[in-house]
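Note that the chains are named A, B and C in the order they appear, and that numbering of residues resets to 1 at the start of each chain.
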Amino acid sequence: MPLKRFLKQPLQRLSDLQSKYNIFTSISITANKEQTNKPLTNYVASIKDNIVTKDLPTTCASHILENFKSPYDATVVKLLKQAGVHILGKTNLDEFGMGSGGVHSMRGPVINPLYPHEQGMIMGGSSSGAAASVVCDLVDFALGTDTGGSVRLPACYGSILGFKPSYGRLSRFGVIAYSQSLDTVGILTKKIDVLRKVFQVLDKYDTKDPTSLNDELRGLIEKNMKAKKPLKIGIVKEFNHESLPSVFHELYSSFLKKLVNLGHEIYPVSIPSVKNSLPIYYTLSPAEAASNLSRYDGIRYGYRDSKLDIKDGVLFAPTRSKFGIEVKNRIILGNYNLCSDAFKNNFIKAEKLRVNLIDEFDRIFRFPNVLTDSKGNPEGLDILVVPTSSKLPETIKDFQEQESKSPANSYINDVFTVPMSLAGLPTLSMPLKEKTPIGVQIVGQYGDDSTVLDFVESLS
Amino acid sequence: MFSTRWICRMHIAGRINRLGSHRLASTGGAKIGKKFENMGQIKDYLSEPVWSVHEYLGTNVEESALKLPPVKLVKKLLRLSGLPLEGADIEGIQMQLAKQLSFVNRLHDIPVEDGTGVEEYGARLMPRKTTLLNYKMLLEAVKHQKQDADIGEVSGSWTATGLAAESKNGYFVVREGLLKNRK
Amino acid sequence: MLRFARCYSLARSKATQIQSTVFRPEYALKCGLEIHTQLNTKNKLFSQSTNSATPLLDVPNHHTSFYDVALPGTQPVLNLEAILFAMKLSLSLNSQVNMVSQFDRKHYFYGDQPQGYQITQHYRPFARGGKVNLSRELDGIDELSKDISIVQLQIEQDTGKSHYTDADKDVVTLVDLNRSNIPLIELVTNPDFSDIKQVKAFIKKYQNLVRHLHISSGDLETGAMRVDVNLSINGFARVELKNLPNTSSIINAIKYEYQRQVELISRGETDSLLEPETRGWTGSSTVKLRSKETTIDYRYMPDPELPYINLAPDVISGMAASMLELPDDIMRMLMQKPFQLSLKDAKILTYNGNQNDMYNHEALRSYYLETFHEFSKLIGKHSSAKLPTNWIIHEFLGDLNKLQVPLGKAQEILPPAVFAEFLRLLYTDTISPTSGKLLLFYILENFKQSGCQDSSIPDLPKLIKEFELHAITDVDSQELMTLCNDIIAQHTDDAFIRNLVSGKKKTSLKFLVGQGMRQSQGRIKASEFEKKFKEILNIQW
């Protein structure tokens, strides 16, 4: 059965949009067998191309996985199919999820559909195609992955909702690892009710994923839930940056005013460790990435050099030379961080500082943290409001120029999103104005995803 | 009120407020201030930028001021990374790595808030106190472990070499004998 | 294979010749072992793929899950059976089990290492400390007693297997991942060994231990157990010896390497001994594989997704309560009263010997102990420890092997109580040993001819009567006289008789008695013959 009857856009527009914005890595226009009475019957979704699917190739937008087709579906894909979802295609991304611009793809950069494509504005990454597929109304929702902000930043730049649930809530089985201690499956959509339904379908313990939040702890979280109104909302001192554009301040102020008018209480809060987030992140995530990507040697699957498996005495170098430049950079940095000398100074230090950060978040939230055994601060806050990005989208050219000057320039895009990744907090980026690439993140305590969703729903 | 006075009360004055003298982030405790009474207070609070990312992370350091990692190290890292030495832009990698390191090495100067005996083991987003495996649970769990054909655990349920670009008689193939030339 | 075997034996004979002179106190050997042992859990370590018991017969890459092949998106889930096995071993070695241990990644590229790293335990291993005691009594070492202390025990993944082919110019490695992700325990000892006998004894003992605990086949030949050696002399740098496929290569490699280093030291050429290096064994000599300079930086990293192993205290007590008696304790029990077995016989009942035998040592031991018990009940005292030992361990087992009847089957017709009854007949001289042998063999052969189907208990008195096997207690003096005279006539001459009677060659009497026993099929006691011969020949001594 053709998928078109479920699409909101005619098929012709699909190929038109694809050629303009470079959204998909592969497309399937045959629909599943029609299922009725399923929670997501006839919803159409796109899947980020670092989540494996049986029916479509999974490439991570990398030459190294050219033509790779997984023999199994990721748990999240399986759950969606069971819930009646049609999968339109796999979406473009920064290679293996590494990047914040959506430009590091073997398929070329994704262009932000919020702007005329001639302008060539970045979508933000790494779930760039996921965001674009939602912006263009090609799908009801998209699955992305968020390691340091990869769902939230493109959602912000596309003026849509982007939700990174608590780490461990959504199964990572079948999600191609970039940095497992941070990787989280996220949902991008325009509608909070859709987001909620999709989240409900996916929010399940998976025995195949050793980091999946188990049923016992889920039950404990459930027990800790209390209806709260008004909410105590914190604005974090350390997220006040000189770099925030003035247009942000205007929209932000009126947003906060709305909250005050709704009867919520606003508090200043200081979380000093937030400032350490980027160096922690760029120590841990490349190290894990270097480790995770060492399996790509061409021997068992994926791309393989046509002639050689060893060069200059380096095993698999001919095949592995096909990684993109950004991926190579992170692998090299990651291996530096893992080398015996740096390990103690960098890796272990970063882990300790990450503990500090998690503990600081625990101190300011009212809700208990089931992972750390924090009982919650009775005087604490319910949610935090944090800007999503310090910048507005720029042109692909400018972005690449900045990045070529220093890799850290592109890392700075993550400054508002990484702290919540390090602590695994449920965080939803929502636009402050329709069709405007400016957003704020609503952040809850670990496990308290429903407060975040309830809150955003109450604003719509 | 989240004024300077308020910050003083929190004993973190200067640390986060004056970047010039104290660029290091404090890991001192997180604190919640007094509730804002009106929008005016909120606007004042927001108009007060606290730190500069560029300054903090050293992204504004001139290239000439960077200490380049030695070529030997870069070559070692390439080897460990399984990346070719031939044709590698060693100088480019040196510069790239220098910039990345000037950024991540900030960590060295940050004190760990160690009063409570912080151990790195708590850094993962898994229960810090995992459920203890007791003897009965172990025996029970072992009894209930079973193979899942959906993930290829049943012997012969899929062809493992089917995805490989090259295979021979059911084996994967590495085009190099003995792998003796490995460094 | 044959060529190799010859190499080894040559190397061995050469080394044995120099052994007595080679280990000189002024060149003190310090040696430690690193032993990898494959656990025979039902499934693999981080997937539930089959951990095959017949690796040599398997189709390549047959027992491989998506995880074992390191497909993108797969994740490890720990097989808890490996924890139970590791716990058994740790407790047997008196090691301190860490209540919290963790898995770490060890990185290096290799064709048979699908993830590009091996999951092992580096920062917080499963257990630390512990020891193996070696003794002169049980293990035949020179010292009265010696402890080999253990550094640590860690659980880790095995790699796949590489097969090297060099058909024509096309040199390739064929990779089979059936072995990939099978659980291993790596045991590291301190460098406590100071001679070869200790090394040999340790390996044997450790091998027996893992077999005894049923956690591994312990076979070196199939690679289920792999031993690396580290060795240093007089405080020079540590040399690691790898590629040691069996006990003789381990022993010969140590001897060779010791000799090589002693020569270098005695000539003052110690430059090459200042830096640690890794050497392989070719079958006749050790060759350098890599030095410190080219040592791989393994970049150990805590695995970011496997949960820590967090044990409740009752795991140790629970396991300890269910532990079998350990081999050394069993050996000592068997060698003491009332059994008083020899070392050799005790070993037969304690250790897993030849796999092709018709019995396993555990079943045999319980058969022995039960029969002993029944026998003691019958005769009311323990004075005849030798009878059960000889008849079970030697005669009975010999028959089983000869007839290829498994013990488990034979037990159906000869349960311990029946065998004890059989022993009683021997003990009371109701039948002679010779008759006993005939009877036992007959019973088993008969059973075998029924295809081991006829499991009715043999009626011993009936059989004895039927075959006239009972000892002749009332010997007809005249008959005996005739028999003895016949023997003298057939087997002696004058000189023989002279020497015998004069007492010059007393052993000749034994010969005559032996002939008598033979002709009477043992049914007449030796003492009767002796008396009669003395009487006939008028021997006075």
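Note that in this section a contact is a pair of C-beta atoms (placed from the backbone, for glycine too) under 8 Å apart; a residue touches a chain by one contact, two chains touch by 3 or more.
Source: prediction; values computed, not measured.
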Chain centroid nearest the full-protein CA centroid:
B
So, comparing C-alpha centroids, which chain is the farthest one from subunit B?
C
Could you work out how far the Cα centre of subunit A sits from that of subunit B, in whole Å?
16
Take the average of all CA coordinates in subunit A, do the same for subunit C, and state the distance between these two points in whole angstrom.
58
Can you compute the centre-to-centre distance for subunit B and subunit C, using the mean CA position of each chain? Integer Å is fine.
50
Contacts with two or more other chains, residues of subunit B listed in rising order
76, 80, 82, 121, 124, 126, 129, 131, 148, 151-152, 158, 160-161, 163, 172-176, 179, 183
Note: subunit A residues in touch with at least two other chains are 68, 71-72, 181, 208, 211, 290, 294, 297, 299-301, 309, 315-316, 335, 339
Identify all positions of subunit C at which a residue touches two or more other chains, and write them in rising order.
66, 69, 71, 74, 107, 109-111, 116, 175, 297, 299, 304, 307
Spell out the residues on subunit A that touch subunit B in their complex, using ranges where they run on.
68-69, 71-72, 167-168, 181, 208, 211, 216-217, 234-235, 237-238, 240-244, 249, 252-253, 256-257, 260, 265-273, 275-276, 278-280, 282-284, 290, 294, 297-304, 307-318, 320-321, 323, 328-329, 331-333, 335-337, 339, 345-346, 348-356, 358-361, 363-364, 370-373, 377, 379-381, 390, 406-409, 411-412, 415, 423-424, 446
If we count contacts the way the header does, which residues on subunit B are in touch with subunit A in the complex?
2, 6-7, 10, 12, 15-16, 25-36, 39, 42-43, 45-54, 56-59, 69, 73-74, 76-86, 93, 96-97, 99-101, 103-108, 110, 112-114, 116, 118-129, 131, 148, 150-152, 158, 160-166, 172-176, 179, 181-183
Which subunit B residues qualify as touching subunit C in the complex?
76, 80, 82, 121, 124, 126, 129-136, 138-139, 141-142, 145-148, 151-153, 155-156, 158, 160-161, 163, 168-179, 183
Taking the touch rule as given, give the residues of subunit A at its contact with subunit C in the complex, in rising order.
51-52, 58, 60, 65, 68, 70-72, 74, 172-177, 179-181, 207-211, 287-288, 290-291, 293-297, 299-301, 309, 315-316, 335, 338-340, 343, 347
Which residues of subunit C touch subunit A in their complex?
66, 69-78, 105, 107, 109-111, 114-117, 175, 297, 299-301, 304-307
